[in-house]
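See the structures that follow.
In the two assemblies presented below, chain A is common to both, partnered first by chain B and then by chain C.
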Partner chain A sequence: MSTKSILPELVRRFEAEILNDWMREQRAAITLRADLLTDAELARQSAEFFAAFQAGLQGQDLGEITGPAWGTARDLLKEIARLRSRQGFSLSETATFVFSLKQPLFALCQRELEREAVLLVGELWTISVIIDKLGLFTAESALAAREEIIGRQQAELLELSTPVVKLWDKVLALPLIGTLDSNRTQVVMESLLQAIVDTGSSVAIIDITGVPTVDTLVAQHLMKTVSAARLMGADCIISGIRPAIAQSMVHLGVSFTEIVTKATLADALRHAFARTGVSVSRQAAG
Partner chain B sequence: MDKIPILRMGRFLLVTIQVDMHDQLALALQEDLTSRIVKDGARGVLIDISSLEIVDSFIGRMLGTIASMSRMLDAETVLVGMQPAVAITMVELGLALPGVRTALDVDKGMEMLRSRIGPDGEMTGHDPDP
Partner chain C sequence: MILTREVAELKRPEDVVRVRQVARALALQAGFGLVDQTKIVTAVSELGRNALIHGGGGTATLEVIEEGIRRGLRIVFRDEGPGIADVERALQDGYTTSGGLGIGLGGARRLMNEFEISSSPGKGTTVTIARWK
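Coming up: the complex of A and B.
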């Protein structure tokens, strides 16, 4: 565009009107989530962003939203996107916040530049470029915020899901629940080995009752854990192998030879008692 | 060059690796240990690696071969005190050391040796597990 855009001037002149129209637009939109965001909060966010938007328009290159003039607007959008991702807004609902500003601006230009078609097309293009870029930026920020949340939850899950339980003197149990992948197995292996050192246990029972599927990779991970524990001087017992899993494992060609396997945790504990020389007897009733 | 000391305790030999093993040291240990077993007529060897924090494939393999050699010279060998990180590394390197006896610490290793070798130096009982 060769001529200087009159958009900043227009926006400044009809500031209140645009904001009003925009608010109306947002309230009418089907993506409005009145259940998640109060009207007052929406008005505050809108007013803040509109001020930043105006500040951005004062910059040299209007379409370049990565420039310093748009800094405040970018920060604000990032914050809003993060907030909305946490509140449970969908991506399009979040992005509509910015996109809905298009309509009031278009309407304004159309009214004010009615007789100047060339100028009108130029301004509309400018608006489109800016709003699209801001909208995409918002969507990306929302996505990044969401990914951050997912990453954190994964890490938390990883920590939560690997408790090492002391069953008896020198007998540890590791009840595994959920799917095992390489990452989780690494954590499981490390926490089990550390627990063996800390407690001086000579028997560790790995219970896989809660593991829905065991494929060759999981089996390999389990065998590695058992081998590492053995190297440290502790015996491992794998228990809780369900009939379906036993069948599929043998079909896959995985057989835990050299590893003690038991059907239930109780059997494994009995075996562990025998190994450590503990005897349990039931007292006669009476 | 420093050497890894081999201590004699009755009919057993105790090797404690207190420094980071390098290749030369491992070879020297292999040499020393085999000759000491023959010279002292040792029936059991306890290798304590609780201070060993780094292993590479060579050292890992050496630990296995040293253990196998001592066993060939009719001395029960127990590897004790392997650190978790070392154990994980060994397994990842594919060095699970099948056939090498292990124990958590020197105490348990000694107990294991004593239960398998009687005071007269003869093997007692049968092998309950591989």
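Coming up: the complex of A and C.
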């Protein structure tokens, strides 16, 4: 910036007015999420950021938001972005927090520099550059926060998605849901084998009702799991093969030879009972 | 005539899942029943993973097409990987270079009505499949 900007001076002089206008702007915006953020909280965030914004304007190079003068503002934006990402704000809703500051600043410059066109253009440009950079910074922070959330959820899902349940004495069930990639197969196999050891089970039912696509990779993963269980002394039954999947598997050329397969979990359980010598009978009524 | 077209990237293992979902949505839109949907999705899964593992990543172009009164789904998988030296052999069941079952390529051909593969070493591979209602 060649000539010294009078922006810091302007902002300081009309501090209260800008903050007021900005708050009004935010409350009127369609991106306001009154359901997620209370007005008091919004006012607090705005006041804090506005103070940091003014501190930033005191720096040497106004448009350089990576400099030390903008440190507080950056930290605040990062915090706000993280908070809002967690609360479920969209990216544009989060970024609007900063972008909506443009309007009051523009209006102020327009009014105060009415007769100085050259100066006005220069100041508007400065504002634009600063606000755009801060807005993008906010959006990037929100994105980073969201990626962090997704990463954590993925890790949680991996844990959650592989419950081994004991159906009966010596009979285990492993209901699989979703996509069976290599990572998950590894987790599935480990928890199944561990459960076989822990419970001394001789039959394990792998139910794939919740697996939407059985391709060669899934089939191979299943076969490996079955082989490993067999080595531990447990027989596996695969259940929950839906008609459409059965037809696709035939065309694909996948056959689970030497593996007992059943249409439903109930059939599999009946088979497991027979295998372990359990008989179930209905009591005569009355 | 192309009614709908979607292009999906195949760069990471998660992309195979996404291409499957797009394929299922388009198959539904084209009016396929559950069995055909499942066949298409299974074939897409095989070829998508091939493009990723053997081709080092590529793209899948999915189109709902209409020819006269019949409607169908066509999917083109393109990669710029090392290519396949012996296509005939690759199509044989049980032949694998990745430790898989070796039936994905032939299986995809059996699952679809049309299957076309063009590949030359060093120039990548293009597989076009289609299924008609």
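Criterion: the second predicted complex is superposed on the first by the 241 of 286 C-alpha atoms of A that agree within 3 Å, B and C clash if a C-alpha of one lies under 4 Å from a C-alpha of the other, contacts with A are read in each partner's own complex, and residues count from 1 in each chain.
Basically, contacts are C-beta pairs under 8 Å (C-beta built on N, C-alpha and C of every residue); 3 or more make two chains touch, one makes a residue touch a chain.
A quick note: this is a predicted structure, and the numbers were derived from the prediction, not measured.
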Practice item. Look at A:Gln247 in the shared chain and tell me whether it touches chain B only, chain C only, both, or neither; answer first, second, both or neither. Key: second
Exercise for review: Look at A:Asp39 in the shared chain and tell me whether it touches chain B only, chain C only, both, or neither; answer first, second, both or neither.
Suggested key: neither
Exercise for review: Tell me which partner A:Thr213 touches in the superposition: chain B (first), chain C (second), both or neither.
Suggested key: second
Practice item. Classify the contacts of A:Asp181 with the two partner chains as first (chain B alone), second (chain C alone), both, or neither. Key: second
Check your understanding: Of the partners chain B and chain C, which touch A:Glu116 in the superposed model: first, second, both, neither?
Key -> neither
Practice item. Considering only touches as defined above, state whether A:Glu148 meets chain B (first), chain C (second), both or neither. Key: neither
Practice item. Would you mind listing the overlap between the chain B footprint and the chain C footprint on chain A? Key: none
Check your understanding: In the complex of these two chains, what residues of chain A are touching chain C?
Key -> 179, 181-182, 212-217, 219-220, 243-245, 247-249, 251-254
Revision key, fill the gap. Per the touch rule, the chain A residues reaching chain B in their complex are 189-190, 193-194, 196-197, 200-202, 224, 227-234, 258
Exercise for review: Going by the contact rule at the top, pick out the chain C residues touching chain A in the complex.
Suggested key: 13, 17, 20, 34-35, 37-39, 41-42, 45-46, 49, 93, 100-101, 103-104, 106-108, 110-111
Study note, to complete from the structure: Residue set of chain B touching chain A in the complex reads 79-84, 86-88, 90-92, 96-98, 102-105, 108-109, 130
